[in-house]
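Presented sequentially are two complexes of subunit A, the first with subunit B as partner and the second with subunit C.
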Partner chain A sequence: MITRRLFAGGIDRRVLTVILLLLAAAVIVPVLHLAVPPSSPFHVPNYIVALTGKYLTYALLALALDLVWGFCGILSLGHGAFFALGGYAMGMYLMRQIGTRGVYGNPDLPDFMVFLNWKELPWYWYGFDQFWFAAIMIVLVPGALAFVFGWFAFRSRVTGVYLSIITQALTYALLLAFFRNDMGFGGNNGLTDFKDILGFNVQAPGTRAALFAASACALAFALAVTAFLTTSKFGKLMIAVRDAESRTRFIGWRPENVKLFAFVASAVMAGIAGALYVPQVGIINPGEFAPANSIEIVVWTAVGGRGTLVGPVIGALMVNGAKSWFTGVLPEFWLFALGGLFIAVTLFLPKGVVGAYDQWRRSRRDRAARKAGRPPAGEEPTPGTNDVQATPSSSVRSGPSSGGAEPQPAE
Partner chain B sequence: MGRKDTILYLDGVSVSFDGFKAINNLSLVLAEGEMRAIIGPNGAGKTTMMDIITGKTRPDTGEVFFDGDIDLTRHDEADIAVMGIGRKFQKPTVFESHSVEDNLLLALAGPRRILPAIFHRSSSAEAERVEAILQTIRLTGRRYDPAADLSHGQKQWLEIGMLLAQDPKLLLVDEPVAGMTDAETEETARLLKDIARTHSVIVVEHDMHFVRELDVKVTCLHEGSVLSEGSLDHVAADERVIEVYLGR
Partner chain C sequence: MTFLRVLAMILTAFCAAAVSPAQADDAALRGIIAKFAETGNYSQTRAIVAELAASGDPAVAGVLNALADGDVHVRTSDNQVFITKDAGKITRVFDPLTGEALGEEPKNLFEKVKVNNSLRRAVRDALSSLTLGSADPAKRLQAARTMFASPDAASIEALDAAIGKERDAGVKAALEAARAASVLISDLPDDEKRGAVERLGARADRETLSLLKAFAERSKGDLKAAAERAVSSIESGLAFWAAAQNVWYGVSLGSVLLLAAIGLAITFGVMGVINMAHGEMVMIGAYTTFLVQEVIRGTAPWLFDWSLAIALPLAFLAAGAVGLAIERGIIRFLYGRPLETLLATWGVSLVLQQTVRTIFGPTNREVGNPSWMSGSFQLGELAITWNRLWIVVFALAVFAALLYIFNRTAWGLQMRAVTANRRMAASMGIRTPWVDAFTFALGSGIAGIAGVALSQIDNVSPNLGQGYIIDSFMVVVFGGVGNLWGTLVGAFSLGILNKFLEPYAGAVLGKILVLVVIILFIQKRPRGLFALKGRAVEA
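Up next, the complex of A and B:
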C-alpha cells in the first residue's frame, strides 16, 4: 500500500518541497539583491549571494555523491576530482575570455603560458574560447574519466574499501599532475583573474545573482532527476546491488553496469557543480583535487543522511554554514570540529539528520497508533482517519528507497 | 544417455582450491524435466558444484553443458541466469530493504539492460504474474512489507518465488528447508514437487525426511565425486554411504 501510494504520487513529497524552495530562492534572492536598496532590511548583500551560491554547488556535489554512496553502495573518496575537472573546464573558458586584458596583453595565450615562454596554445586548449564547447567538456571530461575508471574497477569486481582507496588515489594522482606547470593548467596557481562570462562581468552584482539562480536551478533539476532515477526500477536495482550484489548477478542483472551508470551520472553532476562553483569563487587550482576535500563531501552527505536525496543538500548547507561561522570565530579549531562532528554523527545519528528525523516521526506515529488502539503502521494500512498524518511519514518509509532497512555493507 | 536430451551434463569435472580437490572427476547427468536430490556430508562439494554450474567458479577440467549444447564454462553468472538457470542460496539472500513485491519484480524475466530499467512502467501482465507467484509462495498478505521483516522460512519461500519469477528451465535449490519447522518443511516439499512438474530441479538437502518426501532419484556426493546414485532406499542401503555418514 505504501509503495503504491508513493508511486501514485510520483516524486517524494519532501523532495518536491525542496525543489520548489530552490526555485523560489532562484527568483527571490536575486530580486532582493538587485531591486531592494541596500538600506532596506530585506536587502541581500553581495557576500551572502556569493557564499550561498557556492554552498548550493557544494550541495549539488553532495547529492552526486549520495547517488552512488547512498543508493548504490559505492563510497567514492574521489568525487572532488570530478568537481575540479568540471571547474577546470569552466576555468579554461573564463581564461580565454580574458583576451588582451591580461597582464601581458596576449590575445590567445593566458598569462601563465606567456610567463612560461610558451609560444603557442596547447591543442587541448582549442575550442575553449567558445562557451558551447566548454559546456560540452564540463559534462564530457568528468563523465569520460568516470566511465573509464568505473569500467575497469567494477568489471574487476573491486568493491568496498578497496574501491574507496583507489578513488582516493585517483584524485591524489590528478592533484600531483595538475600541480605541474608542464600540464598547461597554470600549475600551482591554477586559473584565476577571470573577467567575463558570456560577455558579462563576473564581478557584477547582476552576474553574481544570475550565477546564484543558475546554481539553485541546477540543484533543483538534479534533485528531480535523481528522484526520478531512484524511484524507477533502476533505482530499486541500485539498492539491490548495494544490499546484495551477488544476488542481483544470479537473477541475471549485471551489477557492474548498474554501478557504472550511476557512477558516470554522478560524475557528470559533480562536474556541473564544479563549473558553477568556479565563476562564483573566481579561482580554480589543484587544491580542489586534495583528498581531504573529497572526504569532506562524504562528511556533508553523512551528516545530512545518505540515501535520502534531501539529506545531502541539507548536510552540505549546514556543515558549510558552520564552517564559515567557525573559521571566522575559531579558525584553528575548525578541522577538530569537523572531525568531531563526523564521529558524533557516525555514533549517534548513523542515518544523518534527515534519517534521524524520519525515525523519530515513525516511532511517534507508531506510539500514537498504539495509544489509539490501532495496530502500528506497517502491519496494516490504516486508511481514512490516519491518512493526513500517515502520508508524509509513509513517503519517508519507502522514501525513495532507502526506507526500511539500513544500508548494508557490500559483501 | 546422449548429451542432446539432457538439461544438465557434467562430465569429468574437477576443481581444486590451493591444492584441495573440492570437486574430483564429477560426472552427473540430469534429464529434461527431472528432479534430483543431492545429499552428502559437509565438504562433499555440493555448493562448489552449484558454483560451477552457475558460473561463479570455473572448473579446472571437465565439461559442463546446459540444455544439450550450451557450454556453461564459457559464460558468467548473469549470462547463465538469463539463459535459464536459477539458484537459491543456502543462506536465504533476498533484498532486505525492498518490499516482497519489489523483490519479485526485480527477479521477473525480462530485459536486463539499464535504459529499459530506468523507463520501465509496470504492466498488468507483470502484476498478474507477481500475484500468481505470491499465491504460490503464500506471501500475498506480506506483499508490501520489507523483506527484512519476514521470518526465516518466509525468506526461503520468497527466494524460491524469485526463482519462479525468473522462469528458469533449471532450478538449483540449496538447502531449502534449513531452519524450517516441520509444517513448513512439508509445505516446501509440496511446493517443490509442484514446481518440478514444469521445471528441471536440483535440490541439495541434509534433511532425510524431506528428501524422502520429495520421492525422487538421489545422488550422494562424497569428497567431490558421486558415491552412490539411485532411489533413496537404494542409496541409504549402500555400505559406502553408511560408512561416510557414520564415520569409519
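Up next, the complex of A and C:
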C-alpha cells in the first residue's frame, strides 16, 4: 500500500535507484568482506567497511538536514547536536555493556565514574543497560530537544539567519555542557572502550559488516520516508513554507506546525545516524557538538544539492571521501579545500552537483530540441527530474519579497 | 624577633627593588661594619649600631638583624666580619652587606660579637628608624603594611612614635591599622583593644577580617561582641567590593564583546549579511599588531611603547582591505541569499585561518604589552589592571567614533538611508553597492582594531577569532541590529550577567545559562532589545 502510495506520488526513479543500490550494498559488501578470502581482488578490507559505514551515517545526517533546509528553508547550524545526542545514547548503552571488563572492573559504574570517585550511577544512566531502552532514547532525546527548541523558536517566528545563529548557540551550549565532568558523560574524553553490542564484539568483522548493512538499510529507509514525505501533501506545504512563509500563513496554514514537524523528524533521523555512527568509530566525545562540525554537515548537503533527495547522500560521500584523501595526502590543505568548497558551491553551484547536472542535461535537451525545430516546452517531462523542476528558482532566494539580488537589511 | 625579621624583609625588598644612592658608600659601610671586629664591650657595639643606623642605608638591615640574633661573627685569623649560620660542625659564611654565601668553614675559626637585651632594643630602634623613619612615604607605607600583615606587640612603641611624626594621611592610616593589629595581640588593657577593634572595623579587607575573626574567638564578653560587630561590618563591606569587582569584570568583558561585536552589528544591520569570517578579521588585526611589534623590535626598539598606536591604523586598513575584497569578490554575488552568504563567509573564515596557520604557524605568538598598559593599581579593594582599563576606554572611544560617523557624516546618512529603505535610497541617487562595500570594509576594519586590543589580553593564535564569534552573535542578536546603542547595551549586559553568574554556577555553566537566557529572550523579542521599527514584512 505504501509502495503504491509512493509511486502514485511520483517517487522519482533516481531515488529508487539509490535505494536499490543501498540495499544491494547492504548485502554485497558484507558478503565480499566475510566470505571472500583476503587474497581475492574482490575482498573488501576491514577499513573500507568501517569507513564507508561511517560515510553512510554521515549521508543519513545530511539527508536529515536536507529535509529541514532543502525542503523547509530552515538552515540549522546545530544538527550536529542531534547527531551527537543520538550517539551519546548509543554510547551509554555500549558503556553499560562493558560490565566488569573495564579497567577498574566495576560492574555498575563506567570507568570514568570510578575515576571521578562517583559512588553510584546517576539516575539518567538507569535503563541504558537494556538495548530497547537505549533505542527509545536514541529517538526520543533528539526528538524532544528539537520539539522544545522548535516549539519556542517557530512559535515566536524566529526565522532566517536568526534561527541559524541560535541553533548554533544551542550546539555550542551543549558542547560546553558535555565538556564538564560533572555532567556524567565522561567529560572531555567522552565514552569509549566499547566491547559488545547486543552480545557481539564491536571489533569483530562480522559485527562491523552488520553495522555497515544496518547503516545502508537505515539510509535506504530514510530515503524512502523522506521521498514519501516530500511528495505528499505535507511536502508541498513544506515547500510552500520555504518559498513564501507569509503567504502560506495568510492562506490559512500554520507554518510553525509544518516547520516543527519537519524539524523533529529531521532531528530523529540525525539521532539515528549518530547512534549508528558511534559503534562504528568506537568513540563519542563532546567534539561532535562543535559548531564547526554542524556547519560541515551543511556543506555536504549544499555540495550534493539541497532540495533533492539523492543530493545530500552524494554530497556527504563525496566531501568525506575528499576529506579522507586530503588528510592522508595533503593534511594542511584540507581546510583550504573545504573553505574553497563552501565558497565555490554557494557561488557557482547553488543547487549542488545534482542540480547542476540536471540543469546541464535540460539545457542540452533544449538545444537539441531547438535544433530539431521543435519548441522546447513541448518536451515530455522526465520523471527523474521532477523533483528538481519542482524547485523554483526562488528556492535559493530568501523569499518572494526580495525581488532580486540585492541586500536585505536585517529587519 | 618577628618584628625585626619583618623589618629586615622590607629592607631587603627595597635593596632588590632600587639601586639606592647610598650604594656609592658601600666601602664606607664596610668600614663601619669592620669595626665590629675591634669592639670590646656592649657600649662600643652600640655606638657602631648607631653609626650604621645613621647611614640611613637599608642595606645594613641584614647585618643588624643578624647581630640581634647573635649571628655576626669575626674570623679570628684576619679580623673580618661575617654573618654566619650554624650548620653542625661547620658554619656557613655570608657577606655582611650583600648576604651573599661565601662558603663553609670550620666553626672554631670564628668569634661571636656579643649582644645583650638593651643592645637588641637599640638594633630594633635602628631598624625601625630606617624604614618607618624613611624620607620616602612609599617606603613608610610599605613598612606599615608589612607590619600590619605580621603584627608584633613589641613594635607598638615604635609605631606610636612614627604615628606622631607622620604627615601623610595614607601612611598614617596604615600605621594606625598596624598599631591596632599589634594592640590586639598585646596584653594591653581592654579599653585599648576596644579602640583597636573599632579602628580595624573601619577597614574592609580580608586580612583584617581574618585578624578580627581570630581575635573574636579568643576574647570574651563585650570585647568579643565588639569584635563580632566589626567582623560583620567588614563582611558587608567585602560583599560590596565583591559586587563591585563583578561589575568591573563584567564591564571589562563587555568592552571586549563590544569591540568584537560592533563591526558585526554594522554589517548585519545595514546589509543583513551574517559575516562568519568576522572573527578572522579580529585575528588579522591581532597578527598585524604582532608584525608591527616584530618590526619595531628589529629596527627601532625605542618605539615599542608606540607600537599599538602604529598598529591601530594598519590593522584597520589590513582588515578593511580584506573585508572589501570579500565583499567585492564574493558577497555581492550572494545578496538576497543570507543563508548562503553565511556559508560562503564561513568558507572564507576557514581559508583565512589556514592561511595564517601556514604563514605564522599554529602556535601562539608573543605580543608584548607597552609599559603604559602593564601593571595595575588599587581602587579600594579592587585591583584594576591598566590593560583592562585601557580596553574599556578604547571600546568606548571606538563606539563614540562610530556613533559620530553614523549620525554626523554624509556617509553615515547614506548608510542609515540604505538600512531604512534600500530602493528609495537608490532612487535618491545613493550608490547602494558602494555603500555596501564600504560599510562592509568599515565593519571589518573595526574588527581589525578590536584585534589590536584583544592581542593585549588574549593569545594571538589562528583560532583567536573563533572564540569570539558566537559571543559576538549573541550580543548582536540580544541587542538588536541596526542600532549601535543596542550593541552597547547588549555587550555590557551580557558581560555583567556572565560575571555575576560565574561565582554561583562556574564559568562554563554560567556561559550555558547565558545562552539559554538569550534563546528564551529571543522568544519574547525576536528582533532584539532595540529593534528597528519599520513596515517591512518578514519574508
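Criterion: the second predicted complex is superposed on the first by the 368 of 411 C-alpha atoms of A that agree within 3 Å, B and C clash if a C-alpha of one lies under 4 Å from a C-alpha of the other, contacts with A are read in each partner's own complex, and residues count from 1 in each chain.
The rule is short, and it goes like this: a residue touches a chain if its C-beta (ideal position, glycine included) is under 8 Å from a C-beta of that chain, and two chains touch if they have at least 3 such contacts.
This is a predicted model, so every value here is computed, not measured.
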First, second, both or neither for A:127, with subunit B first and subunit C second: neither
Partner chain(s) touched by A:173 [first = subunit B, second = subunit C, both, neither]: second
Touched partner set for A:187, first subunit B, second subunit C, both or neither: neither
Contacts of A:287 with subunit B and subunit C, given as first, second, both or neither: neither
Comparing the two partners subunit B and subunit C, which touches a greater set of residues in subunit A: C
Touching partner for A:236 - first (subunit B), second (subunit C), both, neither: first
Subunit B versus subunit C as contact partner of A:261, first or second or both or neither: first
Contacts on subunit A seen with subunit B and repeated with subunit C across the two complexes: 246, 398, 401-402, 404-408
Subunit A residues touching subunit B - in the complex, by the definition given at the top: 1-4, 229, 232-234, 236-237, 239-240, 243-244, 246-254, 257-258, 261, 378, 381, 398, 401-408
Partner subunit C, residues of subunit A touching it in the complex: 75, 149, 152-153, 155-162, 164-166, 168-170, 172-173, 176-177, 179-180, 245-246, 291, 295, 298-299, 302, 332, 335-336, 338-343, 345-347, 350, 396-402, 404-411
Residues of subunit C defined as touching subunit A within the complex: 268-274, 330, 333-344, 346-351, 353-355, 357-358, 418-420, 422, 432, 436, 470, 473-474, 477, 481-482, 508-509, 511-512, 515-516, 518-520, 522-524, 526-527, 532, 534, 536-539
Residues of subunit B that touch subunit A when the two form their complex: 54, 77-78, 81-82, 86-87, 89, 93-99, 101-102, 105-107, 112-114, 117-120, 144-146, 148-149, 162, 166
